[in-house]
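Letters A, B, C and D mark the chains as written, and numbering starts fresh at 1 in each.
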Amino acid sequence: MRFQEYEAKEIFKEFGIPVPEGIVINSDSEIIPAIEKIGIPAILKAQVLVGGRGKAGGIRVVENLEEAVEACREIFNKKIKGYHVKELLIEKKLEILTELYCGITINRTLGRPVIMVSSEGGINIEETAEKNPNKIFTLYCDPLVDIYPFQIVNLVKNLGLKGDVLLKVSQIIGKLLQIFNKYNGIIVEVNPLVITNNKQVLCLDAVIQIDDSALFRYPEFQEKKFNQMDYSLQRLEKKGATYVQLEGNIGLICSGAGLAMATMDTIKSFPGLSPANFLETGGSITPELMEDCMEIVLERNVLKGIFINIYGGINPIHEGAKGIARVIKDRELEIPIVAKALGNKQEETWEILEKAGVYTYKKSDTHGAINYLAEILHLEVKG
Amino acid sequence: MSILLNKDTKVLVQGITGNIGKTQTEYMIKSGTKVVAGVTPGKGGEKVFGVPVFDTVLEATNNYEIDFSVLFVPARVAKDSVIEAIESGINKIALITEHTPVHDTMVMKAYAKKHNALLIGPTTPGIVVPGECKIGILPINMFCPGNVGIISRSGTLAYEVAANLCLVGIGQSTVIGMGADMVAGTNLVEILELFNLDNETKVVVLIGEVGGSQEEDAAAFIKNKMDKPVIAYIAGASVPSGQRMGHAGAIVEGGKGSAKSKIDTLNNAGVKVAMMLNEIPLLVKELLS
Amino acid sequence: MRFQEYEAKEIFKEFGIPVPEGIVINSDSEIIPAIEKIGIPAILKAQVLVGGRGKAGGIRVVENLEEAVEACREIFNKKIKGYHVKELLIEKKLEILTELYCGITINRTLGRPVIMVSSEGGINIEETAEKNPNKIFTLYCDPLVDIYPFQIVNLVKNLGLKGDVLLKVSQIIGKLLQIFNKYNGIIVEVNPLVITNNKQVLCLDAVIQIDDSALFRYPEFQEKKFNQMDYSLQRLEKKGATYVQLEGNIGLICSGAGLAMATMDTIKSFPGLSPANFLETGGSITPELMEDCMEIVLERNVLKGIFINIYGGINPIHEGAKGIARVIKDRELEIPIVAKALGNKQEETWEILEKAGVYTYKKSDTHGAINYLAEILHLEVKG
Amino acid sequence: MSILLNKDTKVLVQGITGNIGKTQTEYMIKSGTKVVAGVTPGKGGEKVFGVPVFDTVLEATNNYEIDFSVLFVPARVAKDSVIEAIESGINKIALITEHTPVHDTMVMKAYAKKHNALLIGPTTPGIVVPGECKIGILPINMFCPGNVGIISRSGTLAYEVAANLCLVGIGQSTVIGMGADMVAGTNLVEILELFNLDNETKVVVLIGEVGGSQEEDAAAFIKNKMDKPVIAYIAGASVPSGQRMGHAGAIVEGGKGSAKSKIDTLNNAGVKVAMMLNEIPLLVKELLS
């Protein structure tokens, strides 16, 4: 789960981490009172859940009201890396001496949290990391042992900081680590972490992404996350499935993310076919989950056909088949559906699907199954 | 021969009384696996398909010799259950459970390492020795005995690749799913090492996917230490990459993680990489003949 | 800091630990509505901060309203181990099948938390521990390693519990350990932890004592603790000193608890002399702290004399001396005061004290110093 | 000779720039102690009585050889500071700080044990080698050189007993205060062992107090392993015992902890126990002559 910058900054504040004063607005009409409260010069920041919005024009410094109104309209009308801007954070522009970087994430191979700091904070941090990796200092955490404040001071010393600023930066990083640990973080990042001309240390940006699998520990976030989704996606997520809408013409239901990706690769290799979605059922297939999968796939009305690629390992595919059959019957579907369903209870599954009018492909090669679908589509087009 | 598992391996099932635990225990027993005991706290004294159930792993290990524990427990108790197995002296563990919090996985991984235990998973489908036995959820009708070792980060892709090999008459020595969670208890390299030492295995098929740097590490291992030919496939080459948040992920991965990085690195290590699933049987056949 | 039973049960409830429904009353007049709400039979429990109140008559089971009113009056008029009863907890009496014991405390020698459980819960637990120590099962915690739920199940298995009850008891103990760790517990204890005839598991009693030195982590408790003290004691405690009122006639101010205890032992060995208080300054003596010490000692108006026994190690005793002198001057004290003040800055200290009219004893033997005080008192009595 | 400390011991002061840290550093230097460096995070680059101050212990150990660290840090950072010292390779530590949370002390004690470090305190007054040097807060004018070792759970009682011995012409080899917190980093037995091996020490005076079972453990050690005579005094014999809360304390102590238990156990171990402070010099004199 990702948080908007202003939401992350709210969490920072709860932990006593200093952030600039800010106001969030949802519409043009709020910009003037916001600027009047915050003062000039101010920064307008698009609230979108992707990195690199600065380079994409999502951040603007304004020196007067007219400029603010204009910039505000421009940003609200922008799409940033495909995201509409629905909220804008207005903050006072500060006099900045130094921009640092601090990020906490997980090294997947080692299976350890890693704290990264650099004195080269700002929008070019990835470039710095690539060209001057020695400017990034890291502290790997042992998941079985607490990190103590002195270890963070030792890490931050590498940035050449002294006195009060050394302590303030170390304390902030200690608190970022607390957030990372308390909320099962995937990423907690501040870029830039700035030192102002009066030696204040503040987080100008704030990134928090937490582990969806740990959301049961934070019912308040779980609810928030579900509230951000539309209803059909919510139902799927609650049952452990994952859906991503794409631009193609073949609806897809797969059990397993790897299989889904391989299936998408294969579909794309057929001229004229492309996946309309990514859908991974997870390991808890029931008739109801399968109904929900069918419903969400059918929400896209550009489909030429549906391809179902499921295995009966942990999943009772014969149960899932009942859900598919029910949707076909209830909605009197006529769209061609090819299912490749193998593993435990495959015969039972085939029987149910065939009765419902689904074309079943009984061998294991996905390529052959999609070829079968292509043939059917071709026939249909002909007929 | 096979790696990690054979028909004499004495298996404990943690979470044996749940729906999935029960069903899969039945499948395991039918596949030839020696399931000697089960554990579900609060259900001590019951039996599941003739297998005695205990409240704690310690009671199970006090009563039976256990070589391997396979877990079908809820995600929120996965960490506790894995550590219980390790603390009770079991040093091979497969965690089938999906949606385990990654911070819990990191603790389990560190704990297993500290105690020299092998933790496969979370979200592993398990291990199958075709024609002999299995632990986990792999449907055995997808597999057939032979000389190809399969290591896969994806569960269902492992089934698919094995079944496709069977279609052309190529069987498998051992098939093992690693689980594709953000952090895996055991990485690809550790299993490659085992296949490298296994006499029965002539060729290894490595099925990776985008994300992380396990495939890149595997490439380095194959280049430097592997005596057997390896065929690889990376799922997700044509999948649009998700929007990244922040920079931390990019910095920590240092350019690894994409399908392109993985495929290039594997190619450079002398591994034949199948660009599509259906190329795998052909490539394996070439190597075996 | 100790919590009353009902306060501890409030904390238990926050952690999801089941306790009987209860009502706290402060006066006789509230007993009838309380009993009407709780029902009959009910238990009346004196809220005092000492163990063994059951044997001292502080717990009564009542079968009807009249009995309740009478028992309530009796308890409110009682002193239990020296404590007045100011609050009464009324709870429904339950049908109990089994009484277990669970206590978490610190093994001082090992420096480790220890969880103790027994199937022989109830008022005779200490006897059981002495005569049948094998009926007490213990789990020692490594302060560097988390305790996992399965370890608690392994511990509780020793009590011969099964099924749901095994899980419920284990979960409760896990939560008690959370309380112990979260609040820096010295003792977290439930005796008895009961299993009712319908297999409910509940905490009939609740003891929580937490470390005063850790109270800075829980401002809400720190405030509560100070609010329970009268003002002069509060001032002392805030400055790190410890005061306990006693029954004797010699006011005492010592730097260090060991020295204070040894001084009290010595005073008692003189016929006619006995300590009026225990007062340990701690290691943060200032003029103000010493003034506060003098004031609280002087609150007891039965004093024959005051004995000051302080060392200048970490403490600036010459600073402390200024505070003593100020009180003597401001209050025009005439009570004889003997001070034995040695260590760093002893000469400066003697000078200040002597100017203020304090008798100084310049050798290190406390026995000699008290002898000097006895002589002075004798002279005064004579004079 | 002396135990743990002598004039060549290179001492680090953590918390050197605070009021107490500064004052006591001056006293230590004047007493002959080799204070080579100090640490206060954020104060790196300053000097205190000529001693260089660093931000971190690691910088100090990178620049100086350190044998012993003495801490005058606030209670809330005591745990962090002690572990910093241990992790930086210092294996003798005295924590002067009072009011340290006991849960923090338990962590420090376990950490020190795991890393074979000796942690004296918290609330220790430190160690003095009369006429030579000291670490901590003991006022040196209370001590004189000689052959009696003193171990005390109370700080100021140690001063008193030493000064009283000096009054009758008996000096001390080393005087060490253990701190009387609920849990001590080092227990009495561990220091008795050191005195037992010290050639300079002829007699040991052990000053205990009510609470805990360290004196009972010490009695067992003295009975079985100690070659030198020990005199003991237990403070608090006539102090009314506080009201206990709950039963856990009584159960875990199992009858130990009272002055009576301690005195009886020590007597049974052949230790002469002074019932009053002023008996100590007489008893020591008897043993030395």
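Simple rule for what comes next: a residue touches a chain if its C-beta (ideal position, glycine included) is under 8 Å from a C-beta of that chain, and two chains touch if they have at least 3 such contacts.
Bear in mind that the values here come from a model prediction, so they are computed numbers and not experimental data.
Asks: What's the overlap between the neighbours of chain A and those of chain D?
Replies: none
Asks: Name, by label, each chain that touches both members of the pair chain A and chain B.
Replies: none
Asks: Using the touch rule from the top, work out which pair, C-D or B-C, shares more C-beta pairs.
Replies: C-D
Asks: Measuring centre to centre with CA averages, how many angstrom lie between chain A and chain C?
Replies: 53
Asks: List the centre-to-centre spacing of chain B and chain C in whole Å, with centres computed as mean CA coordinates.
Replies: Roughly 56 Å separates the two chain centres.
Asks: Cα centroid separation between chain C and chain D, in whole Å?
Replies: 26
Asks: For chain B, which residues are shared contacts with two or more other chains?
Replies: none
Asks: Could you pull out the residues of chain C that touch at least 2 other chains?
Replies: 144
Asks: Chain touch graph shape: choose line, ring, star, complete or other and state it.
Replies: ring
Asks: Taking the top-of-page definition of touch, could you list the pairs of chains it picks out?
Replies: Pairs satisfying the touch definition: A-B, A-D, B-C, C-D.
Asks: Can you name the residues of chain B that touch chain A in the complex?
Replies: 20, 23-24, 27, 75-76, 96, 98-107, 109-111, 114, 123, 125, 137-139, 141-142, 152-157, 159-160, 163-164, 166-167, 180, 182-185, 187, 207, 209-214, 217, 233, 235-240, 243-255, 276-278
Asks: Going by the contact rule at the top, pick out the chain C residues touching chain B in the complex.
Replies: Against chain B, the touching part of chain C is residues 148-151, 153-154, 157, 162-164, 166-167, 170.
Asks: Contact residues on chain B for chain C in the complex?
Replies: Per the touch definition, chain B meets chain C at residues 41-45, 55-59, 77, 79-81, 83-84, 87.
Asks: Any idea which chain A residues touch chain B in the complex?
Replies: 2, 49-51, 81-83, 101, 103-109, 111-114, 116, 125-126, 129-130, 133, 136, 142-144, 181, 184, 186-187, 189, 191, 207, 209, 211, 213-214, 216-217, 240, 246, 254-259, 261-262, 264-266, 268-269, 278, 282-283, 310-314, 316, 342-344, 346, 363-368
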